[in-house]
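Here come two complexes built around subunit A, the first alongside subunit B, the second alongside subunit C.
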Partner chain A sequence: MRRITEVFGGRRNLLFSGLLLALLFILLLDLFFVHHIFSPFVYFYLCFALVIVFYGIYPLYVSRRLTRYYWDRTKRHHLAVIGLVFIIFLVAVAIFGPFLTQDPTKVDFPNKNLPPVGFSAEQSTYDRTTGQFITRETPGTWLHPLGTDDKGRDMLAMLVSGTRISLQVGLMATLIAIFIGLILGVVSAYLGGWADNALMRFTDIMMTFPFFLLLVFIVFIFGPSLWFIILAIGLTGWTGTARLVRSESLSLRTRDFIMASKSLGASDRRIVFHHLIPNVLSSVIVIATLSIPGVILAEAALSFIGLGDPTVTSWGLVLQAGQRSLETAWWIAVEPGIMLFLTVLAFNFLGDGVRDAFDPRSQV
Partner chain B sequence: MKRGGLQNYIIRRLFYAFLIAFGVVTVTFILLRVGPSSPADKYLANISSRTQDPAKVIEAVEARYGLDRPLYQQYFNYLVSLARGDWGWSFSTSLPVIELIKRHWIYSFQLILLSMLFASSLGILIGIYSAVKQYTKTDYAATFFSFIGISIPNFWLGIMLILVFSVQLGWFKTYYDTGLPLFSLANLKALILPVITLGTGMMAGYTRYSRSATLDNLRKDFVKTARAKGLPEYIVIGKHVFRNAILPIITIIMFDLAGVVFGGAYLTEIIFGIPGLGRISFNAIFANDYPVVITITLIGAMVVLLTNLATDIVYTWLDPRIRYD
Partner chain C sequence: MATNNTILQVSELKTYFFTRLGVVRAVDGVSFGLRQGECLCLVGESGCGKTATALSILRLVDSPPGQIVGGEIKYHNENLLRSTGARLRQIRGNRIAMIFQDPQSSLNPVLTVGEQIMEPIRLHLKLGHRQARDKALSLMKQVGIPQSAERMAYFPHQLSGGMKQRVMIAAALSCNPEILIADEPTTALDTTIKAQILDIFRELKQQMNMSILFITHDLGTVAGIADRIIVMYGGRIAEAGSTLDIFDQPKHPYTWGLLNCLPTIAERREKLSPIPGMIPSLIDPPEGCIFHPRCQWRMSVCQQAKPPEYVILGEHIAACYLYQKAPASAGL
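What follows is the complex of A and B.
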């Protein structure tokens, strides 16, 4: 038992891998024998939750003193706290919102282009009895508090659905990218020599493609589905993390505490899992927070230009519809954009605060 | 500085750039061939309406473009034709791809150039001014607006500009007029909104960077010396501080030129209907015109490579302290 634990680099990793395998097993059962009790997304969420619990909440709980220290430092940035509160609000909306709002895909042509509450807009409607178009002022109704789009879909429901999509893409794609970057960075720094050279040259090649262009190219080839977009962003967005982790690991490797650990006979695995990774994690958390807004924007931009998943209602898709009807219904373009803007702003605020908190050189 | 050192460095970098270009082409080729649909299918999507037997068409297309040969031969042929400047045939426009790009690159170029000028000049000025006036209301306002500028999605900003200035106020056209001569005031006016759309995010970034770079330099000893000598403040800032602060910003501007601008210009062209490279590849995607999409991806990668190289060389010229040997 002790040996197995050692191979995985600690009890926590062992338990995590075990649960992950169990989840995979249930997924395979579900896919091939029981046939789709849950959608594959549920499993992805569970994986995500496992990672958060094991490598986010648990370490924070164990080292409460350090958690308190970081929190105190982050708290001094008022904007970062505002950002965090808004993000928590978004997460709540993403989880519970879709149960409380109408169906975002329900088309209702008689109620199309309704303005939000408090506004009114001129609308021409076709009168069947006289056979003529009549123009009249239409006020917003509480049935559709944020109005409806050009097909009569409820804007509030679409925005709530978009929140879910954006957070899904933002968090999952970042997680994938960070994971790949962390592994490649540590491996590259630790192996050194030929392997390091090859990995870093590959990173150079990936960095040479303009990110968005590469994304468009990949989605063009493989076809638009939300899954694939998440994977594509994750598989292309790791380069910055890999470089950062590599350079940090290289400088850590020569530090005294790692030398001491080595001379006491610690294995490579132990050094990597107990000293290297925990010490680069703070930079990784900062780069993760700061790269989430970019990922959310990339997904929105993809759906805006029509390369998003056509089966889900995302902010970019609503925005695209909004540009088409700018002259008749301004709110369709304004509302998803404001959500997108506030979300990106919140993550940028939080990222800035987290960076200052985790960077020991900065004196707040 | 030894000239030989720099020359060797440039030669080494060029060789390295060549290797990376090779890698980029390889990655593109692999992506293209591991995709679920073969290039022949994409061709087919365009011609199938005119013919009866799709299987025959696939066969003919595969034979014509060498897609029936082994993969390594295809790869080799692909490299050879790229090197010979034969970038394929765009069937949605019935032109050679190279001809298509020759006709349209200028639209992207003017947009990017003007936006860079707008963003860098204004951004650096505001950044330095706000650093000099640190902790005043002006400084806080500049910091706040740069935060907003960084966070605002540029495609949404573009739509909002159209909504306010074109739809509501009617000052501009909602669409870019392609009939305008390139070097004219009317064209410049038509580019105002696109340039603001593309430039705002970058400008905000440069404001932040130049503010922090200026602050770093303001605390240095040589600034104290300059002030102690009794130099007027505008010379201290404009000459001593500015020259040192500008260096890191130039790297960032060059980096943006390659990466951020390509993504941003892409979206800006689509929103305003500017017929640049972004708009072309956007149209090509929906027409399944894959030679155009590949070529524009490759051009994007090449621009990044060349600007990285240029940055390094410009750097040695701007900062004599840097040596490459």
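What follows is the complex of A and C.
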């Protein structure tokens, strides 16, 4: 038992791998025997949750001192705290919101173009009895607190659904990108020589690809599925991370503590995972928080130009639908716009705060 | 002169660095033995190959550009230059441990001090978490870290330089190594802390009978702790002997120069006399004795061939043609 634990490098890794294998087992069952135990996204969520719990929350809990230290430093950044609160709110909305709101796809023409509560809008309707257009003042109702769009769909429900989509895309694509970038960067720096050269030239090639064009291409070839959009953004967005992680690891590699832990008998694997990665993790977290808004915007932009997944109600899609009726129903375009704006701002604030907290030079 | 309590025998070690400008012969044929329970000091200016020698022993020379091109390093009866990576990792930290010069940069900034002391314990002794923790605590007490239980959870930046160096020593001592290599462990510390750290080394030697290879550029530091001294110059041994030999009857002109550089309280000197000239480039070293361009006693022979190591008396050897009449050494 002890030997097995050692091979995996500790009880935590063993448990993590075990649960991952169990998940794989269910996935195989799903694929070949019983169909649709979970939807594909659920597997991804579970993986994500496992990673977060074992390599995020658990270490934070174990080194409470460090957590407290960084929290104290982040706390000084008021905007960052506001950003964090807003993000937590968004996550809660994304997880629980869709169960509480109406169906975002339910069309209800009689109630179309209703303004948000507290506003009223003039609407022209064709009156059959008189055969004339009547202009009426319609106030917002609490039935649709944020109004409805030109097909009578509930704006609140659409925004909540959009939150889920945007966070999905933002978190998952960033996770994929960060993971690839981190591993490639550290390995490239640690190995050096021709391996470093090959990996970095590959990164160069990836960097020269016009990212948005590639996205359009992928969507054009494989069809506009949210999955492909996430994968496409994730698989192309790692280059900056890889570069940064590499350059940081290069300078870390020559630091004495790497030599010191070698002199105490640490293996290469241990040095990479125990000494290099924890040291670059702070900057990786910063890049991650700062790149999430970019990814969210990229997805919105894709939806906006009509290359998004048409089966999901994302902010970009609503925004695009709203721009056609900007004169009659401004709220359709403005509301997802505000959500995008606030979300991007919140992640950027948080990113800034985290960067300041992790920067040892900004000792306050 | 390998006596039977020699636990580490370095013979004709050659470590070269292959740089773009040429081959740097950082260590060029160095031989010495380290005995059980003695403190052997390697002394010399910066760039004379002290650290390269130490790193070569643990096979930690960065490659590329560094490479051990020749010689033999025998630990008990095992040639470390032929050992596999896995075997070397068993030896490092467990049988031979090393302490580095700068405690500021030798500790991982994102791991707690406790974790770093426990690292070699968990790697080599295969203890559980609790036992490793207890061991780390007792080690911290041993090297004189007060409030050790609390300090376990400290990060390196919360400790002073002296405390950090104690942590490094604790980590190096954790598996009771036979040999401790200390690469300028006191250079980055101020004088009072230096004295305390030197006391720790002295205790280690006396109480645990540990062999210490102490590397320094400071002859003053050496005097109080060394049993034997090797003076290195330009990747070669200039003079070697007991501490008394080196301080009382130095034979090599370079040693004379080094000793002249030391300030003394006894006599009042207006100026310290430095050794004239610069350390030669090790890429393109001077012909013959590498010290001859700076030597006031140079003879024509010095410019032609490298001097062999002549035995002055017993273990006292000097690589200088001034002692041509003495028999050539068979290796220390």
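Rule of thumb we're sticking to: the second predicted complex is superposed on the first by the 345 of 364 C-alpha atoms of A that agree within 3 Å, B and C clash if a C-alpha of one lies under 4 Å from a C-alpha of the other, contacts with A are read in each partner's own complex, and residues count from 1 in each chain.
Here, a residue touches a chain if its C-beta (ideal position, glycine included) is under 8 Å from a C-beta of that chain, and two chains touch if they have at least 3 such contacts.
What you see is a predicted model, and the numbers here were worked out from it, not measured in a lab.
Colleague: Clash or fit: what happens to subunit B and subunit C when subunit A is overlaid?
Modeller: Aligned on subunit A, subunit B and subunit C fit with no clash.
Colleague: Rounding in steps of 10 degrees, give the angle subunit B-subunit A-subunit C taken between C-alpha centres.
Modeller: In the superposed arrangement it comes to 90 degrees.
Colleague: Who touches more of subunit A, subunit B or subunit C?
Modeller: For subunit A, the partner with the higher number of touched residues is B.
Colleague: Determine, under the contact definition given at the top, whether A:Arg65 touches first (subunit B), second (subunit C), both, or neither.
Modeller: After superposing on A, A:Arg65 lies in contact with subunit C but is clear of subunit B.
Colleague: Have a look at where A:Leu297 lands relative to subunit B and subunit C in the superposition and call it first, second, both or neither.
Modeller: Only subunit B; A:Leu297 stays clear of subunit C.
Colleague: For A:Ile287, is the partner it touches subunit B (first), subunit C (second), both, or none of the two (neither)?
Modeller: neither
Colleague: Answer with first, second, both or neither: which of subunit B and subunit C does A:Val160 touch in the superposed model?
Modeller: neither
Colleague: For A:Asn279, select first, second, both or neither according to whether it touches subunit B, subunit C, the two together, or no partner.
Modeller: Only subunit C is touched by A:Asn279; subunit B is not.
Colleague: Check whether A:Leu264 is in contact with subunit B, with subunit C, with both or with neither, and answer first, second, both or neither.
Modeller: A:Leu264 sits against subunit C, while subunit B stays out of touch.
Colleague: Based on the superposed arrangement, let me know which partner A:Ala333 touches: subunit B (first), subunit C (second), both, or neither?
Modeller: first
Colleague: Scan A:Ala94 for contacts with subunit B and subunit C and give back first, second, both or neither.
Modeller: In the superposition, A:Ala94 touches no partner, neither subunit B nor subunit C.
Colleague: If you take every C-alpha pair with one atom in subunit B and one in subunit C, what is the shortest distance in Å after superposing?
Modeller: In this superposition, no C-alpha atom of subunit B lies closer than 15 Å to one of subunit C.
Colleague: Going by the contact rule at the top, pick out the subunit A residues touching subunit C in the complex.
Modeller: Listed in rising order, the residues are 2, 6, 63, 65-66, 193, 255-257, 259-267, 270, 274-275, 278-279, 281-282, 360.
Colleague: Within the complex, which stretch of subunit A touches subunit B?
Modeller: 201-202, 204-214, 216-218, 220-223, 293, 297, 300-301, 304-307, 319, 322-323, 326-327, 330, 333-334, 337, 340-341, 344-345, 348-349
Colleague: For subunit B, which residues count as touching subunit A in their complex?
Modeller: By the definition above, subunit B touches subunit A via 19-20, 23-24, 27-28, 31-32, 35-37, 147-148, 150-153, 155-156, 159-160, 162-163, 167, 174, 258-259, 262-263, 266-267, 270-271, 281-282, 285-286, 290, 293-294, 296-297, 300-301, 303-305.
Colleague: Inside the complex, what are the residues of subunit C that reach subunit A?
Modeller: 58, 60, 64, 89-94, 97-98, 100-102, 105-112, 116, 119-120, 123-124, 126, 153, 155, 157, 168, 171-172
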